[in-house]
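In the two complexes that follow, subunit A is the common piece, with subunit B as its partner first and subunit C second.
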Partner chain A sequence: MVITQEQIDYCMECGVCTGSCPISRMMSNFSPRQMIKRTLMDRDETVLHCHELWSCLTCARCSVRCPAAIDFPEFVRQHREGARKEGNLPQLAHHGTLQAIAALQARNIKQRRTEWAVDAGRFASSGDIFFFIGCAPYFEVVLKPGVGSGEVPRSVLKLLNRMGIEPVISNDERCCGHDALWSGDEEMFRRLNRWNLEVIRGSGAKTVLFSCPEGYTVFKQHMPKVFGELPFEVLHVTEFLARELPGAGITFKPYQENGSGGVTYQDPCRLGRQAGIFDPPRELIGLVPEIPFVEMPRNRENSACCGTTAWMECSSCSKALQLERLQEAQDAGAGTIITACPKCRIHLTCAEQNTEYSLHITDIYAFLLKQME
Partner chain B sequence: MVEETWKVLRLLGVDERYLRLKWVSASEGNVFAKEVRDFTELLRKLGRNPLAESGGNVLEPVDSATA
Partner chain C sequence: MSESYEPKIVAFTCNWCAYAGADLAGVSRMQYPPNVRLIRLMCTGRINHAFLLNAFLSGMDGVMVSG
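Right, the complex of A and B next:
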């Protein structure tokens, strides 16, 4: 990523990013503009040693507003590579278990990551549609119960089956390397995905579906930069369903509100701001008759991050952001928050436990499945 | 914690018997010795931990036929 002199000149007069950043609001010493200035104007190499490099959520709230088109998340990602080499490392959540599991997937192992699917539905070992399940089976084991990690792939498989689709799922699938990539370990990302590419190629699939926005953006945006054009179509499940469900002869039960309040949608950073997918999930929710849909004030491009990325730096700042989001949903009259990201669901559910909030937090797949006739 | 680790090992395709948890009282020296002897024997039979093996354990591009 090259930042031109013109961009730098503009940047030094600006500050839109710092004003937009949720972390800057919570941590007064965190300023994306200052980090750019220190690196590019002052040639101050201590940026590689500063902890703020790890505090950024890479949520892109700043970069979608930047008038000089500076991609701050990408700036952070690249400097994390350097920081890692200097021994400046992030604080890992869950004792680093999830990073360890991702790294172990880069070994020659024979996984059993699809065992859950035997009871959940029908699937195939080759065919046109490959469902990339992501790391949810591992999340389900490692994270505390009740955060709903395992429900995402189960619901997607059931939905696809209802539409007459038996997707390919594979034990040979590996972690998509999203977190490694965003934690400054591009080598790990490459190693995992060289393998994933071969596994998908071997299945003969023409379309690959992702329920996780992270895997989706990795395949859609980062893989082509490294591996060239991919030999299959990459779709997020919400895009696929918005395209295919209306014609699939499936009807939905009217929503029973029964005093439970409105239904709102949380735009995941990866799916929304990064990939520009705002409408398909809303269209899908709108398929349910009598749905009392409400938007939160911060929605679409202005949506709020769920508080942590890449299983690191989960702090009081994350909790504050999450609780603020729950309050925002409640104030908008919502009793239910629907997300399209397993991690948004996990983080918001975790934050809600042991608080006075009683919002129902779910994902769009479980929600649609429940509403099907 | 141990139960979750067994489940993770299972997902990773590693024999769960590599990880064992037993409660033995300090007064039961013979029980402890037997347990360690049995476990050592089992580990010998199972061979080296596939995750810890050095060399050849890193993922290289696969032949799609074997994937």
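Right, the complex of A and C next:
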């Protein structure tokens, strides 16, 4: 258990967690403070049977503020393992299609994971830099057209090519198991990543780049706990670009506002609060001359989650959180929201459909590529 | 693959056409191999991605949608 007795003793029941939680605001019966108290102090096991365990976004807004440093998302993750064994399961979004796609990847199957890349750019089968694509191209096939997640890896490949880099990509790569892990299925997470480690090792890569914050945190934070120290460097593409792009001799066109409003940035929970990467994406956006950058009131550590996670429990609560976020961007004077996560892009795009909002929702790679000379 | 390999195929069939066809075949005493397992739907519009993928996850070698 990651939460020590000392921390339990120190939980002063201040309620900062519940007060910070976006779900608690929408669902009055959802209280991280009470879940902690019931489980850790009263030794009550009912948390394994309650549905609220699945409502948590694991967004870490509570845990970054907790004075006793209680990692509530990790508490939730571990109890989800137990809940699953007890038959307490989440409500899956999209009929469980995305979970089925991940589960199929844990087998010895032949994929068409990288077909898009043939037209998008140049890549190699071995080399120093491995670009971990993630499942974004699959999301685009399953979800409504126009969610744009497939544009994320396409743009990254083009950006890298423009910098003279031909990364390794692999058709044998598997899902990183992020959603399985956070849904209490660690076994699936292990099975998937055994494949991934083999594939990356086989490529001879020294650095692995992730455009998806979920894959990044899985490799950065969870994999070493399970598989030991990894034999390669793990970087998020925004970290890599913030380091390499300014010296790469690439110039950007000045931003043409043309009445479209300001540009704001949505911090993904995994990349921001969980991995602490707040500045690199902002530095990259700042490379574009005349960019009318505005911050939303809730930014960086205080950023708001895009409303749902791990393709489950998408509810009216998720929609309300998403619409609130769109309103916040609009009120801040933004006409464009840039994110660094394919799922934020999907969720905000979906929420905007059939509403009166007309914000342009994109991701940082597509944005940078468009602004390049 | 050994010669005795027999694929398992699940067929999602529409009540009003493909399933009726299979039923007629049965009534007419026509034989078909047991590799195909029929699942009747009231309309193939009922299909979603998850049915197809879950069929593979449950060990099917092929999926047929007919209707």
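The criterion applied here is as follows: the second predicted complex is superposed on the first by the 366 of 373 C-alpha atoms of A that agree within 3 Å, B and C clash if a C-alpha of one lies under 4 Å from a C-alpha of the other, contacts with A are read in each partner's own complex, and residues count from 1 in each chain.
Methods note: contacts are C-beta pairs under 8 Å (C-beta built on N, C-alpha and C of every residue); 3 or more make two chains touch, one makes a residue touch a chain.
It should be emphasised that the depicted structure is a prediction, and the values quoted were computed from it without experimental measurement.
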Quiz prompt | subunit B versus subunit C as contact partner of A:Gln78, first or second or both or neither | solution = neither
Exercise. Would you check which partner chain A:Leu104 touches, where first means subunit B only, second means subunit C only, and both and neither mean what they say?
Key: both
Practice problem: Please work out whether A:Gly96 is in contact with subunit B alone, subunit C alone, both, or neither, and reply first, second, both or neither. | Solution: second
Practice problem: State whether A:Glu198 touches subunit B only (first), subunit C only (second), both chains, or neither. | Solution: first
Exercise. Go through the superposed model and pick first if A:Arg174 touches only subunit B, second if only subunit C, both, or neither.
Key: first
Quiz item: In the superposed arrangement, does A:Pro137 touch subunit B (first), subunit C (second), both or neither?
Solution: first
Quiz prompt | Shared subunit A contacts, counted only where both subunit B and subunit C touch the same residue | solution = 97, 101, 104, 142
Self-check item: In the complex, subunit A residues that touch subunit B
Solution: 97, 101, 104-113, 115, 137-138, 141-142, 170-172, 174, 191-192, 194-195, 198-199, 201-202
Practice problem: State the interface residues of subunit A toward subunit C in the complex, per the touch definition above. | Solution: 94-97, 100-101, 103-104, 142
Quiz item: In their shared complex, at which residues does subunit C touch subunit A?
Solution: 48-50, 53-54, 56-57
Quiz item: Where on subunit B does subunit A make contact in their complex?
Solution: 4, 7-8, 10-14, 50-51, 56-65, 67
